[in-house]
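Structure provided below as structure tokens; questions to follow.
Naming follows writing order (A, B, C, D and E), and every chain is counted from residue 1.
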Amino acid sequence: MDFSIILDALKLASVYGVLALGFVIVYRTSRVLNLAQPGVVLLAGLMALTFIPRDATPTRFWLTALVLLALGALAGLALYALLLRPMAGQSHISQVLMTLAALFLLQAISEAGWRGESGFIPMPGRQVAWELFGTNVRLLDVAPIVVAAVVVAGLALFYRYSRSGRQMRAVAENPALAARRGINIEKIGAMAWAIAAALGVVAVFLTSTQGSVSLLLVGTTLKGFTVALVGGLDSLSGLVPAALLVAAAEVVTVRFIDQQLGEAVPYVVLLVVLLVKPWGLAGTREELDRV
Amino acid sequence: MQSPPVLRGRSRRWRRSPYLRTDYRRELALFPYSGPRLAVIAVTVLLVAAYPFLADAYWLGVINLAVIAAIGALGLQIVTGMAGQLSLGHAAFLAVGGFFAAGLYLHLGLPLWIAGPAAMLAGATVGAIAGLPALRIRGFYLGITTLAVQYVIIAIGLKYQGYLQTSFGTSGSLSLPIPDLGLFTLTSTMDWYYFLVVLTGVVILAVTNLKRSALGRSLLAVRQRELAAEALGVNVARVKITAFALSGALGGLAGALSAYYYRGVGIEDFDLLLSVEYLAMIIVGGLGSILGAVLGAVFVIATPLLVGQLIAVLGLEGVLSQHLRAIELAVFALTMIGFLLFEPDGLAGVWQRLKTYVTRWPFKYTAMSTQAKR
Amino acid sequence: MLELHQVEVAYNKTATAVRGVSMHAEQGKITTLLGTNGAGKTTTLTAISGFIGMENADVVGGEIVYKGRRLNRLAPHRVSRLGIALVPERDKVFDTLTVTDNIKLTAGSAGKARAVYEEFPRLGELAGRTAGYLSGGEKQLLALAMALVTEPEVLLVDELSLGLAPRVTSDLLGELQRVQRERGLTVLLVEQNAAAALAVADYGYVMEDGRLVHDGTPEALLSHGDIMEFYLGTGNGDDQRRSYRDVKQYRRKRRWAG
Amino acid sequence: MIPTLEVDKVRITFGGITAVDDVSFDLSGQELVALIGPNGAGKTALLNSISGIYRPSSGEVRLEGRSLNGVPVHKIATGGVGRAFQHAELFAGLTVVDNLMVGRHRQLKGSLLSMAVRVGPYLRREVAQRAVVEEVIDFFELEQVRNRPVSSLPFGVQKLVGVARALCMEPRVLLLDEPSSGLTRQEKEDFARFMLRIRHDRGLPMLWVEHDMQMVMDLAERIVVLDHGVKIADGAPDAVAENPAVRTAYLGVDDTEMTRAGSPG
Amino acid sequence: GGGDDAATAPGGSTGEAASGEPLKIGWLTDATSVTRGTYYPEFEGAQLFFETLNAAGGIDGRPVELVMRDMKIDAELAVTSATDLIQGENVLMLAGGSIEGRMPPVFDVARANETPFLAGHSARPDMFPPEPDPLLFTVGNVFEAMSDARLEIWPKLMEEIGVDGGEIACYIHQAPAAQAVCNRWLDEQVKVTPEFSQGPIVNAPLQTTDFTSFVRPIVDANPAAFFDISIASHAIGVAVAARNLGYEGPIVFSMTATPETDIQQVADQAGGEDLYALSNITSISETDVEEIQRILDAAEEYGTEIDPSSATVNGWLMGMVIADALERCGADCDRAGLRDALEETDLDTQGLTGGPLTYSPTDHMGTRYWTAYRWDDGDGALVRAVDEWTEFDPATDLVAPLAP
């Protein structure tokens, strides 16, 4: 066991964690799996490719990143307002399919604008590196871990200490009743979608510290699902252990067992965890056996 | 307060009502012998039989693909539309069917008419295994476990292709011959069309029968209230596994057919997008509806191509050719959105609405108490 | 106060369940709405409390007016913030939340939540339980508490006595009457137990098959022959209730409509 | 003679909560037994333990002498325990007829193939069962709504369908959980008539949870009273009504009001 | 050779723009998918060629029109598009390509309609000597043949770099056909040049975007050279990851899969030292080759979405082959005639490859000429690392026969 494995797993976990957070936040308010998220991530990546030129100064980079973050939040709002809000009261499956339609729409946009383009987002500080425990550690290896930790902790605190946490669960379980109890379900939904989409933008910058932006991001984003489920779809506390578990399993499999299984590992972990704990590591039961 | 008994069993109307049946066998018959219904069926059969003479080879091919997809979509409809168990990994069953059929040919030289049923069996087995988590896991969690099954199947498929590549030296994609069904071969697109249409007809009939039988009812019961169904004597575990197995069987059949139709399979074809497309088929068609699954399949397969043709007809190709696929995708997404927002019951719902509109005309609303269903 | 003018509600854009209902819930009074199964009582209450299409239904005609303000198509949370609270017939609590969380959700402050337990000691005993596992009656209590804790001006109650033990029903009706008197609460009470409802109500409406067929003061209604016959089980001249053992066969048909 | 249903020292606990505590009683012949008690007394929980949905932590339930411990829920149902639920629990996508046909599930066994082909024996079976279901529909006077999707029915009718569905199972014992809550007086009278007719036609023992004391007093032959999970009384209606423990725990009204619970004034 | 007229036509600009009834050629490509970088520039190259040709009078006054369809690496789209091109658009022949697994059903469509097909960068054994499919032709390579061709050019390149032995690491993405690239080649290479030994072979699933864990074994082994071949988004991702993790040895790309534009990305991200490319086609950087300059001029004039690269050159070459065949096919050219004309191709590629391109009834692929390039960070372009072209005739030079 050498240090590089830990580092790789942590990096991967940080990306997965932020991706999963995006799913969890939407799920908590609506019990809807947000399949549009991969589209948001992809589009954010492609825009970053276009608007951050090869020779961008750090200032330009950060400004663009901020603008993209804001754009992401706006896109989330738009998706909610235009597509999901009118679906209130329909079955969860239909709502998921709506997010799927949104994914197709986002993909159409990305195809019209970028076709199948791929490339690297030029990150500032990509030359900075240290030798640590016999491993080459770059600034860009450490940065995603720190950013992810800050983001996850920040959101966890926000939900903990704001009234919205409980309200979100109520809205998710029974929107009609929640509305009749005076909760503005639209506000809560809009907030969740905006945050989730912004998280998608964060995630794309995190993955870009390690690899390129391409259509393949869609598949990577989907792995965030598995993490969200392993942790428990409506729980923030299960998310960190889940991300670590899935990432570690993937890294270890690729390094020591079989590289080609890398893609399937998160899903196998998921299967195993769910068979033991059907609602994930820290999720709560959503259906009660009661007649 | 004594009023005459409700008019039951005898109609005082001057015209015989097509809705009045006099014994249960007639009510339970697959095609109640009502004039309008028979007429609709006759017209449909005629249109289907005449289609190859009305359409060019291209559109015939498109319909072939759609019909194969319809078989797969019916499978998904059973498990997701009827039993309510979200399945995000339907492509896995298609992969199993396709590879099983191709493998049987490659290793044992078995033809389609054996490989087809065998692929169904294989699909059913994998389906039943994939359904096992359903005994413990529900909702989206279950959906994602089915997705997990898909990834596992793809990993296995890749290994298998790798094995073929090293031991057979093929480039890893399996090629298949022109299918020989014993009595005839499927050489032309038209051969395929009639074969597929008849086969699909049989499948539709079988699924319709299943839906109207005890199994169909228990599927819907389990989807609604598992506990109550169980307390009524329905073996919920068995019903769920059966649903998954049936879904796997039809998926497997569709996979085997498409393998032979394309004369080859590659595991790369069975990605998540394919599963998602199948889901789109049943939602656009209408969840739980058999007609819906078929219409949805045609819709999902044909719409993007139609858009392409439309653009060509409008002479916009030069301007838009670079963005053809993007436009097709956008149109597809927008139609899906349109359905979800304005016609949640899908194409089948539109059809139903149309029927009600015709029978109810000129009235706009029906009072609850007099609303006749069926 | 709360007025309905010729309200029509249709389900799935096709079937009308409420047809031309006009009624009036007077400020600070208890108005009760009686009616047989499927008369459209629940639909009426749902229409008042806001739809946003969630029930697949729509107010297709008429007006719902509260303090001069039109409520048609107003989002439910807006209606709720106007001070109109509903105790629904089904799905009345958040199943996966605990009893305390259910109350805190609507209470606003912790103090108010505690006051609830003083008012309903039975709920205090259940504080930490998951609401979905409560018994039918316990859920009903919780739902009522959740509605009252928002200190509404108008309380819409759909079948208060549903699934409640007789003692609790009479306690609650008494309680409701007390709160109503103290706070000047306006109550619109849908009830099956006509006798109990008319005992506390100031005015009553009777609904059948989507239409209002009768209204009047409790006294008037209580002495109406059909109401005695069909809703109270008295009638027959004397004031004695019929025994359930020797009831005669009724036919489900509209008696007043047309 | 072995009683049809025996509940023997059943205890049901959830974590720290004891919902049912050492309750025993039995049902036989064609008894109509009312199970009453305040809200949360454990009535539904007790019915659930008979259906097998909850497993007693101690004690056992016996159907015609055979223990139901460990028997899967669906086997208990096909073994003869018919159940109507407190919240109807109908299958929303199905019509009334189809809901009742689910009740005939046991009689409709057949291979997938025979169901897919449908002609022949399976269709004959279906027709036969359909006839039975239609009888039940006639019995409960549900003709008018037989082809309506149940979700569009008013709640009261839904509960009636729930009872009809339980009866379709041809049970040996019928468990009814507040079947008449949410009905008007007139409909309750109708329902009372149905219960009496079920007893007359089918000769079934019924365990009936009910809050309407007048109905209980008029119809039940025996009353079992639960309070906080404990059985506090068991006996003939008059005797139970006199029982002071029952009065304080449940009725909370003075003597003269006993049979007129919730009456005006 | 018969190709001279057509090949000179684009630059010759003698005639005026072509105006007659267009000659339609169907083009199948992946315009919008992860494989776009590999296949779409081919279309652009051919497009440039025909724009130029049409401006100069086309073929006997008739313009050549490319009708493009996007396959999106999707079997269904591939089949319907091919059918539509043949039956709806009535094209004379098909050209283009996608990853190998996608092609057999398309070939089936071509066979069913007796339509010739010219494949670009990725070929299949169907076109291989001695028994090629009568309808299928290619300017590209079969993976196995490519592996065998590498045996000779590899030591030459290594000598240039100054690597005289050691481990060779290899990267491919998980496509069954691609596995031959590393396996077959390394097996043989260590036999031919025993100073080299087999290092780690990495094989990542197609969906991978973060290559860190996959590349670790290579970095840990620190091989003498690293051969990196895959679809572009993988190849560059892996190279960058390897550099990021500290691998400093030579990285060798295959230019057919990773054109100059992609190598440029690697240089941008992780520095341009020690990057090489093996190629069977002249790099777009070699502007002193006249035909390359023509391509660049055409790109300037007509524009492309992707910066011109060797893939564009490949497309241009395909255009040359098609134009040459059309020319020889004559006035009332039909599919059968065009097929026969293709089979008689003997084309001077004007320096775009190391020698002439010839097809025969027993060979629909022709001899390949290989060379090697080095990335010059100063110029931001490729320069020759090995001067001469190494000849490889698939009919005779294969180490082991190809599977059917």
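Following the convention adopted for this analysis, a residue touches a chain if its C-beta (ideal position, glycine included) is under 8 Å from a C-beta of that chain, and two chains touch if they have at least 3 such contacts.
Only a predicted model underlies this, so the values are computations on that prediction, with no experimental measurement involved.
The chains in contact with chain A and with chain D alike are B, C.
Central chain (C-alpha centroid nearest the global protein C-alpha centroid): B. Distances between chain centres, each the mean of the C-alpha atoms, put D farthest from chain A. The chain with its Cα centroid farthest from the Cα centroid of chain B is C. One inter-chain figure worth recording: chain A and chain B are separated by 32 Å, centre to centre, where each centre is the mean of the chain's CA atoms. With each centre defined as the average position of its C-alpha atoms, the distance from chain B to chain E rounds to 41 Å. For the pair chain A and chain C, the distance between mean C-alpha positions equals 44 Å. Centre-to-centre spacing of chain A and chain E amounts to 37 Å, using the average Cα coordinate of each chain.
Chain C has residues 11, 15, 38, 133 in contact with two or more other chains. Shown for chain E are the residues in touch with two or more other chains, namely 31-32, 174, 205-206, 305. Residue positions 111, 219, 260, 263, 286, 289-291 of chain A are each in touch with at least two other chains.
Residues 56-58, 61-62, 65, 158, 161-162, 164-166, 168-173, 175, 262-264, 266, 268-269, 301, 305, 308, 321-322, 324-326 of chain B are the ones that touch chain E when the two sit in their complex. For chain D in complex with chain B, the touching residues are 51-53, 72-74, 76-78, 83, 85, 89-95, 98, 101-106, 108-110, 112, 115-118, 122-123, 126-127, 130-131, 134, 143-144, 147-149, 152, 165-166, 169. Residues 30-37, 40, 174, 202-214, 216-217, 232-233, 236-237, 240-241, 244-246, 265, 268-269, 305 of chain E are the ones touching chain A in the complex.
Interface residues of chain B facing chain D in the complex, by the touch rule stated above, are 6, 8, 24-25, 27-28, 30, 206-207, 209-210, 212-215, 217-218, 220-221, 223-225, 227-236, 242, 246, 288, 368-369, 371-374. Chain C meets chain D in the complex at residues 11, 15, 34-39, 42, 89-90, 122, 126, 129, 133-138, 140-141, 159, 161-171, 192-196, 198-199, 222, 229-233, 241-245, 247, 249-250, 252.
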